[in-house]
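Quick heads-up: structures coming right below.
In the two complexes below, chain A is the common chain; its partner is chain B in one and chain C in the other.
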Partner chain A sequence: MFENKHNWKGYLYLAPALILILIFIIYPLFNTFLTSFKENYQFMTGEYDGFSIQHYMDVFKSSKFKVAFKNTMILTIISVPVSIVIALLISVGLNSIKRLQGFLQTIFFLPYVTNVIAIGLVFQFMFNHNYGIINTVIGWFGIGPVHWMDAYASYGEAMAVIIIYSIWSSLPFKIMVFLSGLQTIDKQYYQAAQIDATPKWRVFLRITVPLLSPMIMYITITSFMGAFKTYEHVLSLFGDGGTAGDPGNLKTMVWYIYEALDSSKKGSVAVASASAVVLFIVIMIFTAIQMYINKKRVHY
Partner chain B sequence: MEVRLEGLTKKFTDVVAVDNVSVVFPSGKLTGLLGPSGCGKSTTLFLLAGLYNPTEGKIFFGDEEVTEIPPEKRGIGLVFQNYALYPHMSVEKNIMFPLENMKMPKAEAKQIAYEMAKLVQIEELLDRKPKQLSGGQQQRVAIARALAKKPRVLLLDEPLSNLDARLRLQTREEIKRIQRETGITTIFVTHDQEEAMSISDQIIVMEKGIINQVDLPQKLYNDPINLFVAKFLGNPPINVVEAEIVNKVLVVNNKKTIKVDLPNQKVKLGFRPEDVRIDPNGPLEANIYMVEMVGRDTSILCTINNEKIRGIIDSEIEVNVGDNIKFDLRKQRFYLFEYNTGARLR
Partner chain C sequence: MRENYKLWYYLRKSLVYFLLIFAAVLVFIPFYWMILTALKSDYAVELVPPEMFTWDLHFKNFIDAYKSTRFDLYFRNTLFVAFCSTTGTVITTVLASFAFARLEFKGRDTIFMLLLATMMIPGEMLIITNFVTIKNWQLDDTFAALILPFMTSVFYIFFLRQTFKQIPNELYLAAKVDGTSDFKYLLKIMVPIAKPTILTIIILSAIGSWNAYVWPNLVTSLSNESVKLISNGLRSSAFVDDLGRVKYNWQMAGSTIVTIPILIVFLTLKKYIIRGVSRSGIKG
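Right after this comes the complex of A and B.
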């Protein structure tokens, strides 16, 4: 039929979603950006004394922010690539078996539907210094016992637990996406590769990974975004956000933003806004870099 | 390399796809595996490739039994129905891929890729990605990739089914040329009788997992072993009319027609459209319900006792819809098949 460029009915149907998005996402986004420049901003009255970049200076000078930034970076840069590689290997494994596939898929998917706080509790048991299963198992190989999460835990040990938790809890979604991607790859590619006597690792690197690259790119970008926003993982493992020896040393950037918001100090919302904008810019830079790299490597 | 199947059987959970097949694919020849979809021809091809393991039976390449040998060690090249070209690799990389698996030095692999591309006449497309190629070009790349590692046997699965009509004609000649030039034993699967007839040195007709007939293309057409083969070959298809033999005379539509030296029984009479000759003294009678003028020939569609038949006659003969015509069969070319089994009687 004839194309109607002013189909107002279409916009009407979109309106409920658009209005909600405008109120709860677009407006806060711009407002945060604006607020971050307001001096002596009073949240309750909305009063402020003009614009400056003072809050950004404060954020960059804050030692707490530096710690949060470092923690977030360490966590992200280790957990995202490692979890992607593990998820990829598990998906390829799951895809290649027939028996128990459904059962194992369910098992790998469980963390996705389990409560974060509950998992935190279970991890506290597993990583317990005295009777945790982790120390028991590594003890068989003559390692440990490691403190992990107790009062004597070091920064490195605590960070290791957080990273392991992040990797494990992010696997299900990645596996689900990779598995559905793998199932769309034509089996004939693998038969062709088999007839051409292609070694298994070469099939994986030269056929599976390239054909899965759109999914890998999607997962990489969303995982980096997610990891930069980590907060609840640390909270559920270390409620006070730090090891006993050095309180607050495990807090992440979102934690920092949250705390800035929470303090009753005058202008604190503006400081939180500034730090949120900083996080936004960091994520944006990372995403841009990935888009640039992936442009050359992703095959649609 | 002669390829031989001995009592080859492949059962899937509840279907026998290939049923006790014994046949020889002659060395250096192009053999067509022909049959309707689901007849087991592709299964046979995948058994030859080693992608399926036979339930029973043996496969020989020359004197060597390869039944238990995995596909990568059989020395075969396989061209898949949808070509299975790796979409993320250039044409050159695709052709080089099997060679790199053999750990061939890159320069040598590149050289061979170029030679193969030249053989299939796509040497100017080496830098393209498969998506940038037409169906016919992709087909050539797939053949080049299959031939690059110098296989003993080349297998093609429905090589022309994804091409449009014009390309199909061109490509089948191309396959024939490549096969002649390389002299490689080639087996290809098709459901298109015309395709099989036009390029095969030998055709194997399969139905429901069983081989019906193995013969030269023209022999299959002129001398089909049963009703299935007769019906499957030829376009337009053969006419089949119910008939009865009474006292050594063939009775069609209650009229005595041709003398045949066979005992009394119900039969099916088969004759090719091009053998219909309009003749006022002819033994057979039909009623025209449609006339199609197609260039130099006229195609008449008639009924004999409600059974539809087609005749191709000279366009100079004037015929009209509704005419009752009498006709004869050129050189007495007709076939009689047993009524129930379809086995050839004459």
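Right after this comes the complex of A and C.
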């Protein structure tokens, strides 16, 4: 009897959170998967004409999806490694100094809390062809002016702006995690290296990186997940059109999902579901590959 | 030999400082450019090349930009939504974390593992069905749509459970002997001890509401000002002059107005935010 009473109590405390989680997390997970197979699905009435893999075929055949996939891949493959290397160097640098450490740390953390939409407008203006700070500064060195994101911009220029913005806003989180990792490394390793007069770069590669490898793996996986889901950055830079210059379609995979969801066409929710499942699978594959590679390299 | 070593040491230190400060300047440029542009006159903002610094500061731009939009309404809406979803989140996570950390019931560990697994799922998969749910419940264009899905969080439950678990069990047993009820124990003993963690949850949840864009954009219509949140309001504000040309100084003033409150919160409560963030994966 005592056991029973306890059981009942536990569920009571859990109930508010659990009900919300069931409605907004667990049910959607299964329902989105199911919806992706429904033909002629109408979400207001819930009617549909049976199941098929038609929507997946449509997604894979869609030229829009191919462009979105390519954009997302380019963005991810450049921004993730670059931002990890920069964050790693900054963290190691920050960890090695005493004076100004707190102040610089605060500066590096600033982008973390900012509003994507607000700072997107700022980047837009920084990269403005005529009035922007970027063209002015590179002009001092005789470069440019570059179009970046106006009507004459090239694909590469526009993509560069997105990548720079993504790196800028993803640095703080990485630095925070690396820095807290560095602070747990035992000083003895460095003292031993000092006695042996090991060069600094070798200390970095042979001691710091291996001992930090669990954090590096964690950051790599979460960064890939984050980069694959890029949406707001592009939206805030390029507006609802998602284009710049010619042939400047810069929409990402998540953009493709929301575009399908937003259109009032019959069955569009099912198409959005199918593309979300595809995104989920792509992310899972990448995560699995990284886990496999890392398993051999990570030092715990 | 010794002199040489010292020289190298100082050279290397200076190089580290130089590179760090250089990187910090690069990171800070967007903030500088935003505030500088917000303070420029209509004339100065269209100079080519633009001035990198000016003493001719027009603080009135902030007032004009603020008045040209419905920022007062957006602020109120955002504060209301942030307050409700944060309060809801704290209540649900405190109760659930207590259940996971202290109470014993069938399936506790299984449920906990299942919840942890859901953190792997990209939000985009959930948003589609949640959008349909909100439409079916006819909650679109209401505050409820903006609050309900954010009244709990698996990560915060996980985070708070860790803190609760560190509180010695002896305290709980002693309270039991004294005949204190579970709920009273939670409220009088556990919550006060876990205050720093709860504060972290409050801050992160409130920042989440402040920065929310995608979900509000989906479940509220663009023309409906009465439920518009600050990010969506900023995006839909035009900041144009009579001829329909963009007034960049107003636009940057608008961005500054949206950015500054959250920066102040960050600078004053930095340690709580960093504590929470370095343990999490929220925000890509």
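To be clear about the criterion, the second predicted complex is superposed on the first by the 273 of 300 C-alpha atoms of A that agree within 3 Å, B and C clash if a C-alpha of one lies under 4 Å from a C-alpha of the other, contacts with A are read in each partner's own complex, and residues count from 1 in each chain.
One rule holds for everything that comes next: contacts are C-beta pairs under 8 Å (C-beta built on N, C-alpha and C of every residue); 3 or more make two chains touch, one makes a residue touch a chain.
From a predicted model like this one, the values you see are computed outputs, not experimental measurements.
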Touched partner set for A:28, first chain B, second chain C, both or neither: second
Dominant toucher of chain A (residue count), chain B or chain C: C
Partner chain(s) touched by A:113 [first = chain B, second = chain C, both, neither]: second
First (chain B), second (chain C), both or neither touched by A:104: second
Partner chain(s) touched by A:257 [first = chain B, second = chain C, both, neither]: second
Touched partner set for A:51, first chain B, second chain C, both or neither: neither
First (chain B), second (chain C), both or neither touched by A:60: neither
Where chain A meets both chain C and chain B, residue numbers: none
Footprint of chain A on chain B - complex, ascending: 49-51, 71-73, 76-78, 80-82, 84, 86-88, 97-98, 101-102, 145, 149
For the chain A and chain C complex, residues of the former touching the latter: 6-11, 13-14, 16-18, 20-21, 23-29, 31-33, 35, 43-44, 46, 86, 89-90, 93-94, 96-97, 100, 104, 106-119, 121-123, 125-126, 128, 130-133, 135-136, 139, 168, 170-171, 173, 176-177, 179-180, 200, 218, 222-223, 225-232, 236, 254, 257-258, 261-262, 269, 272-273, 276-277, 279-280, 283
Contact set on chain A toward chain B in their complex: 186, 188-189, 191-199, 202, 206-207, 210-211, 213, 299
Of chain C, residues touching chain A in the complex: 12-13, 16-17, 19-21, 23-24, 27-31, 33-34, 37, 45-50, 52, 91-93, 95-96, 98-100, 103-106, 108, 111, 115, 118, 121-133, 135-136, 148-149, 151-152, 154, 157, 182, 207, 210-211, 213-214, 218, 230-232, 234-235, 248, 251-252, 254-256, 258-259, 262-263, 265-267, 270, 273-274, 277-278, 281, 283-284
